[in-house]
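What follows are several structures.
Both complexes shown next keep chain A, but they swap its partner, so chain B is in the first and chain C is in the second.
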Partner chain A sequence: MSRLTRRSFGALIGATSASLATPGLLRAQNAGRLVIIGGGFGGASAARFARINYPEVEVTLVEPWPSFITCPYGNLILGGKRTLPQITHSYDGLRARGVDVVQDRAADIDYTAKTVTLESGSVLDYDKLIVSPGIGLRWDAIEGYDESAAQIFPHAWMGGDGSQISTLRQQLEDMPQGGVVGISIPGNPFRCPPGPYERISMIAHYLKEANPTAKIMAFDAKEGFSKQGLFEDAWGELYGDMIEWIPASGDGQIVRVDVENKLFISEFGEEHRVDVGNVIPPQYAASIVRDTGLADESGWVPVDARTFAAASVSDVHVIGDANIAAPLPKSGYVANSTSKVAVAAALAEVTGRDAPADPVYFNTCYSHGGDDYGFSVVGVYRTTDEGFVETPDSGGISPRGPLSELADNRRLEAGYADAWYESITRDMFS
Partner chain B sequence: MTFAQKMTTFLFAGCMASGLAAQENTPLLAQSCAGCHGQAGEGVGAIPTIAGYDRDAFITVWEEFRNNERQATIMNRIAPGYTDDEVSILADYFASIK
Partner chain C sequence: MSTPRVRLPRSAAAGEEIEVRTLIDHPMITAVSSDDPRDMLANFTATMNGETVFTYDFGNGSAANPTFTFYLRAAAPGDFTFVWTHEDGTEFRAEESVAVS
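So, the complex of A and B:
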């Protein structure tokens, strides 16, 4: 499809959808073109927010998958508490708002000509570009772990078509009684810092009933992890001695896998036979930002803390897991809440509206330890000339203590976690 | 409140037109609340509704969360992270939603 055709087509769809949506969208979308790469927590939130608040701007969302499967709540599939359709979200709500959702993959970006070339060959022009492509997996980081090995030892760390998480669930169901589940967990930074440990909890939740003599061996490349005390409390209270967590200092770093013989091999050469293997590999930003020079040597993209503008080019903002924004975690909540500041900053120039002044960023990550057993970590962040900083004397984790004293708290937070999921996915897709 | 803060607060004040007024007029600061409480503070599931919350009561309750004087699961960790001026912005906004 030629450039002109693509653009005209988008305008036509936008106009048609707008007339079905709200009167506000009838205003001409002639102030400029916002192109968003990636339809996850960052990109979908950005598209919806831009469409509602900047009706004069044309919004195009480029996303390769026809629908979005969330990583949050994927662990609950392993625990038998959710099904794949329950965490799959359509882009039709965004289309109805007038977002031109293009099912394609961004193949290249020309930051001088301000164009995005898609895999299909189409070329999109942009005035402002928001890039929210998520992560890439470092296939070279663990010897023997490549895309075909991931069919045997699934990573289940990207939504994709849902097959990774479904495969892992099926393997757990098929595991012999008393079998061993091995999980390999990467060093920092990676997507969803508490995610591997919620996964351990949800697998244990399933096995406790279905396979009570099974073991979970969690091999970690780190010495500690997010909400560690809370997770370890939950594991002790709910799952007895089913779970063994092995830190790097206990030879927990897995450096090689052998899928044929179902082996995890540690840094110091110890071979561990597993019945089910889940390898969460080290990560970097998705290839579109690494291949086009936005990422630095760390593999992630440095950004301005007040605007999320990429450091190396103009008119490009990078949000979500692909950027470097520590101490903000690589979480869905952060991608969602920061997307709105990025949109306001990006569109200030083309619309003549004010840019955000002193943004406050916010994160809550809930985790499920078991039935009616939820807990969280909270952070409030601000900016300085040096970057992002945590707001002093705020945030932190849920209280620790015996379940007999904290059962109400854990039950409430489990309910809040479910409501959070409902609320944030509405804020992305409705 | 500084000029810059006012500009942030009223960034979207110019675009009220349709039935989506509450959403269009949301200060950026309140966008962080949306992740749990909903875009218009409508509450979801077990999470309380804060749309239409009395302004003064909002500020009082926030102060109680901040000082750990009120039963909470997570609001007592969130509340200390915001200044009085910011709490006023949030109180005005959520009180304004019908």
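So, the complex of A and C:
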């Protein structure tokens, strides 16, 4: 077990408050240098956690975008329940804590010399490196779907500058009455397993008022999906027959798109004309870990379950969507909660403190089905020598049943989801 | 329900290996563990120019929405017929041709 007892945890918080109040008390950051690549759910959480709990370590965060737009709650923009500024987060809070936030992109990593070369040409030395770069999109996987096609059929699956989710929202607003929204959903594994289905729900939520005769056709490369029963209950209860979900066995896998003619073409050659197309393509880890040899043939990075250390090199820990940690899902929650274990494991050596010996990981994924209509799935995981394992008889999923009986439950969970979003973004950026 | 789907190349070089994929949506209800009436396909057969190139008898272990992928080499142009036969004798058919040069 970790030696971080309740008492010393309290003392740490006290020390942090004091040092914030009186900068003169800041400890010298001479124990070592932690460089973090990627300022999302994994990287921002890691930076904040390291700065608070390891004040003797210098923390540098490399992130190409000036601010962070969360994928969670992005679907609520489509539903008209949030605006882009409401899900955009500044790095100023981390800067105020003493994190050196470098707005640049990591272009190369030398795992022997222990340096990160940035796109601008500057080079950062590290003692320990945390890599949390997120996903890359497999542009070659669906024929005809490349970066220019994504301007017509947005993926809206990475925050970036926010233009993808804004474009998709605008297209929904501009769609003719009775139009068809096509959504192409990839096979596993991919970022945010329930995300596409929350997206379907939020698009339906918008269309129900704005375009009630519109249809949503969701083409899936899979036979089933996360929280399927709960989503299908919500769709039936809230949106009538607006939504059609087509599994792989119904020829739901989209293998080609034609943006000029607005076509989705299925595995067996059926052509579907859509007015708005949202293509969520198959994914792999971001290029920085694939190009530097950390990812295996799956396109993702295998890691040690107790430390998130990359299997193939020393002093490098890979967290967030870029790693393979199944059965942990690729979620913001997992990136956040595992980031702390990765930081503690990485910094144990340089600070002389103990690494977490028997970590426990948690995940909660909330989804919004409509107004006052939330539900969730919770997982608890531990480690064995074989890797990550789900703890038996733990976790759970929201109850199913008629909305007339569960309205209170759904309303409460929608509120819990909002509270979760507030909490986790503060745990990243405040 | 029970829409037969087939994917294979429109053309191939003589002797080239081609991939044939088939899918039919069908519930394949065995009625072993439910009160629903039995509703099962009995056989799938693919023929090329009248000659059987692939055949399979379904049993209670067959999953819903059966899909097959198989490979063959065509030396000459092929007219393919794909037939799924229900236990009640109903046939679901698909036909495709491959130009071979």
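Definition applied: the second predicted complex is superposed on the first by the 405 of 430 C-alpha atoms of A that agree within 3 Å, B and C clash if a C-alpha of one lies under 4 Å from a C-alpha of the other, contacts with A are read in each partner's own complex, and residues count from 1 in each chain.
Quick note on the criterion: contacts are C-beta pairs under 8 Å (C-beta built on N, C-alpha and C of every residue); 3 or more make two chains touch, one makes a residue touch a chain.
Small disclaimer: the values here were computed from a predicted structure and weren't measured.
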Answer with clash or fit: chain B and chain C placed together on chain A by superposition. fit
Touch test for A:S312: chain B only (first), chain C only (second), both, or neither? neither
Just checking: does A:S337 make contact with chain B only, chain C only, both, or neither of them? Give me first, second, both or neither. first
Touched partner set for A:D354, first chain B, second chain C, both or neither: first
Hey, is it chain B or chain C that touches more of chain A? B
After the superposition on A, what does A:S287 contact: first (chain B), second (chain C), both or neither? neither
Who does A:S423 touch here: chain B (first), chain C (second), both, or neither? first
If you stack the two complexes on chain A, which partner ends up touching A:E267: first (chain B), second (chain C), both, or neither? second
Thinking of the overlay built on chain A, is A:T88 touched by chain B (first), by chain C (second), by both, or by neither? neither
Partner chain(s) touched by A:T383 [first = chain B, second = chain C, both, neither]: neither
Can A:T364 be said to touch chain B (first), chain C (second), both, or neither? first
Between chain B and chain C, once the two complexes are placed on the common chain, what is the minimum CA to CA distance in Å? 30
Contacting residues of chain B [partner chain A, same complex]: 2, 4-5, 7-8, 11-12, 14-15, 17-20, 23-24, 28-29, 31-32, 34-39, 44-47, 73-74, 77-82, 86
Interfacial residue positions of chain A with respect to chain B in the complex: 22-24, 49, 52-55, 333, 336-337, 340-341, 344, 353-354, 356-362, 364, 376, 378, 380, 391, 393-396, 398, 409, 412-413, 415-416, 418-420, 422-424, 426-427
Any idea which chain C residues touch chain A in the complex? 3, 5-7, 21, 23, 25, 64-65, 67
Considering the complex alone, what residue numbers of chain A touch chain C? 249-251, 267-270
